[in-house]
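What follows is chain A paired twice: with chain B in the first complex and chain C in the second.
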Partner chain A sequence: MRPYRPKDNLQAKAYYNDRFWVAPRIPEEPVEDPVFAADLASLQEHYPIQRAYIQRGQLVIHIDAKENKEVLRYLKEELGYDVLSELSAIDYLAQDGEFEIFYQLLSLEKAKRIRVKCRIKEHEAIESVESIFRSADWSEREMYDMFGIKVNNHPNLKRILMPDDWVGHPLRKTYPLHGDEAAQWYEVDKIFGKEYRDIIGPEQRDAAFVDPNDTCNFARIKHEVPRCADPNSEPIRIEKFNDDAPFVETFDLKKAKIVNRDR
Partner chain B sequence: MAQHQVNYAASGGLPVALTTVDKLVNWGRTNSLWVLTYGLACCAIEMMASGASRYDFDRFGVIFRASPRQADVMIVAGTLTKKHAEFIRRLYDQMAEPKWVISMGSCANTGGMFNTYATVQGVDRVIPVDIYLPGCAPRPETLQYAVMLLQKQIRKRSIFQKPKPKRLV
Partner chain C sequence: MQQRNRLEPYFENLVFERDDNHMVINFGPQHPSAHGQLRLILEMDGEQVAKAWPDIGYLHRGMEKMAENMIYNEFLPTTDRMDYIAATSNNYAFALAVERLLGIEDKVPRRAKVIRMILLELNRIISHLFWLATHALDVGAMSVFLYCFREREYAMDLMEDYCGARLTHSAVRIGGVPLDLPEGWLERLNWFLNILPEQIELYEGLLSENRIWRMRLENVGVIPPEMAKQWACSGIMLRGSGIPYDIRKEEPYELYDEVDFDVPVSETCDSYGRYKLYMEEMRQSIRIIRQLIPMYKETEPQLLAHVPEYISAHKEDIMTQNYSLMQHFVLVTQGMRPPVGEVYVPTESPKGELGFYIRSEGEPYPYRMKIRAPSFWHTGILQDLLPGHYLADVVTIIGSTNIVFGEIDR
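After this line comes the complex of A and B, so read on.
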């Protein structure tokens, strides 16, 4: 949970700065569960397992990336983990120069979940597991689309979410959130052509932006001048309404009470 | 057989109505705004609600069409992704003149909360917009008010005037 911070004056602050919160890591526990211990022992006879531990009741094993297909086949055919529910990658390029690829498996019979992890370097490819689990087809395409990880022997390796002519791989940590130049002008370039960039102009990304000197488009709260007037001119003060609205009483600021809402 | 004697001149009931061509054409245009359903995200649910019996869009002559060639208005209801931008432009081009666009909800107006690489930051980067409808999501009443504003806007214009050039043709 994030620590609670009072949010009373959030309206006055245009920018929210509590963004880069790092979640604590889930603790790793030794493999004591008898079902997992038996599965792990059986796996270790055939393939070298680099690390194995339990996280939140799930067995996590780290293997060599070259053996991913054999390990998954063994898990499916011998140990009964017959559903591949998720497969993707995590970008650790800045830390270790590697991608971590994970396979999330489920055994309906044992009601157990197991996560297989392996690491590859940036320009290495991984072997497709599509021939073992059909669900890996689209997941591997998504992994290729989002991270640019090549998958060997995949039947149809092309982008799945982004358009085919997209530049870059958006889920990499180095990809800017607002897109690189090709992404920011993508629709303009594609529909109208590059010469239209000047007419349409760059994207307005900052929704909280208020230009205090532009009085035609923005009102400055507590210092409201007439529209398009000089920003430093005298603000408008409405003293009386009663002239044009005889039944409306003028609001007396001195009598006003500002309620302090404590939450 | 009863004999009816109608004094047209006296009761103001002359079976002739005098009007201008403008008023006649605009009357026809404003009261049968057929819209192209363009549900892209959650705003589409509100758009569907406006069309259904409770809010009853038919009262305004608004009928949803699934083909751009039969539509006068495009209600862009939802988040426009960059992958989809090219198709919205193509469908807009396929609509017959005169045509109008209502941009419904924050996402269609400015990209809304999706301040990311994959969202078009406002449909007016791709097609010209006549009415911007704020809200996330705008209630069906708001959409109906937008249609009424559009009708007002259409009524104000003479059909002989050249339409004002829009930002993107």
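After this line comes the complex of A and C, so read on.
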């Protein structure tokens, strides 16, 4: 029997898992930093915050996805978080049917970083924050390209890294890592027919592979046979490299000229 | 009846729009001053750019996807291929992010920290020399290109002596560095640091007061501070707009809080101001490395953090100690399993803020890794920056943004 592979997550998995091993967690510390605490209190007065904690020195707040634009506007205009340094999503479709979207903000005056997180369902759209942070223009395009998350009111929601006619969104966990068998034999099946698969053989994809039967592509250096001759026949003998020949048999460090580093 | 003339002119890269007299020009992706695979679609009103659409993705290799399917140590050499001008800065940013995720940042030995910082600043010098060379070549100064490459070669030799590679260094490991400095390396480094300042003066003598250079750079590509913030500019693009924010100073990592250096800022916001900053940053890097050399001599010889849960033991231990060998085997075949959680770690790479966001679910593979590459936004800003400029200035502006396509497309 073939092992069952879940179709909702096609990514690489650890082949060995200890049944009794429980992964430790990075502690989610309470917000005690005075700067963060003041910002969080100010934010909580205006918007409901689902969760807030400090992880590895940065404040993380979870909000409702419908309020992303208002919260980010408040953070920028009232609290001075004026740079949106990063924005992207995480695919939790297999676990919860949701995407997690994070906004990584930086305050240049306070030198503090906040991460704002929210969750949307698979076919929901998120409101664009491009009108607040111009940098969201490209990051939202990248998020749309990589995850297929629609962004409302975005000025130019097109694919950015992948070609415009690409099918699928590469960073989803359901996106396959390899093409299937039909894709692998596509040209052979199309041109010659399925029965020629054995004769032609699979495409060579190993860059380090050296074909020992190859007689013309430098595969048999120092054991060269004439082109297209039997690879097992007697190799061409070169009696002696004369001094003019541009071959280097062994590199002699003593004879080599060393460029003077001290000039 | 006369036949319609079938020999209509056809220009591959031009489209004429008759009604508004605008012309659409395709710039790149194979243009020599496109700094990689940048394709710009420019709508021209005469000689002036009316609209610009940067088109990226020609070098997209899906690094974030690759990261999700590799164990952490496997991914480190892949980071070389992002900003391939200064590969160590990528290795370091990734290693630091994983170290902070594991919580072993403090356990990295001091000697490893000093070596890393020397390599980082050396890479900054390499990157800035390369920038000056290509930028000057774009603007039309051929000899500066040759001078810069001569000095860059000495720095590349130093990198080669240390790690064996010239471009894709992988000179940093998670938890430290793999090798100690080879014998005589610090003397060669010292020699390089001694000749570099006079060479920088040579470049400045050729360029700073050069009439053509100033005419091509001054008041070209003006980024007001507000625009720089809006577009999440970082590094010299931010400091060139008068905002004194350097991650090494503001959020110090490694030993940057122990060394003494200045953060140069330019108030002019134009390409010439940024050029001045690059020159000054090279001097500051020299200053930092000069302080690090005596610090190196005071350190203990340990190079990798001692955290057997996550990091393999020293080679000698692996060869002699049974338990170390078992740990090493598990770490190589299965990979380390960091705690569940997430971390975003910014570092000041030569191009700007290079950050790694890592989400870990406690598995040997990261659940999500987002690479925040500074050049991505420095390319995005072109669509707001280019309109109004002349076509000849487009090359200057692309040059002064110092973008590298390995990290834009990732």
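Rule of thumb we're sticking to: the second predicted complex is superposed on the first by the 153 of 263 C-alpha atoms of A that agree within 3 Å, B and C clash if a C-alpha of one lies under 4 Å from a C-alpha of the other, contacts with A are read in each partner's own complex, and residues count from 1 in each chain.
Keep in mind that, in the parts below, a contact is a pair of C-beta atoms (placed from the backbone, for glycine too) under 8 Å apart; a residue touches a chain by one contact, two chains touch by 3 or more.
A quick note: this is a predicted structure, and the numbers were derived from the prediction, not measured.
By the touch criterion defined above, A:I26 lies against chain C but remains apart from chain B after alignment on the C-alpha atoms of chain A. In the superposition on chain A, A:A207 contacts chain B only, with no contact to chain C. By the touch criterion defined above, A:A111 lies against chain C but remains apart from chain B after alignment on the C-alpha atoms of chain A. Judged by the touch definition given at the top, the superposed model places A:E86 against chain C, while chain B stays out of reach.
In the superposition on chain A, the chain among chain B and chain C reaching more residues of chain A is C.
Using the contact criterion defined above for the overlaid structures, shared-chain residue A:P176 touches chain B, although it does not reach chain C. After overlaying the two complexes on the shared chain, residue contacts for A:K190 are found with chain B alone; chain C is out of touch. Touch criterion met: A:M162 reaches chain B and chain C at once.
In the superposition on chain A, A:Q58 makes contact with chain C only, not with chain B. In the three-chain superposition model, chain A touches both chain B and chain C at residues 161-163, 170, 175, 177. Those residues of chain A that touch chain B in the complex are listed here as 161-163, 170, 175-180, 183-184, 186-188, 190-192, 199-200, 203-205, 207.
Within the complex formed with chain C, the chain A residues making contact are 11-16, 21, 23-26, 55-56, 58, 60, 82-86, 88, 90-91, 102, 104, 106, 108, 111, 113, 115, 133-135, 137-138, 146, 159-163, 170-171, 175, 177, 261-262. Those residues of chain C that touch chain A in the complex are listed here as 56-57, 60, 62, 64-65, 68-70, 100-101, 103, 154, 188, 191, 227, 229-232, 234, 243, 245, 250-251, 334-335, 337, 339-344, 346, 353, 355, 357, 359, 361-365, 367-368, 370, 372, 376-377, 380, 384, 409-410. Residues 82-83, 85-86, 89, 110-111, 115-118, 120-122, 125-126, 168 of chain B are the ones that touch chain A when the two sit in their complex.
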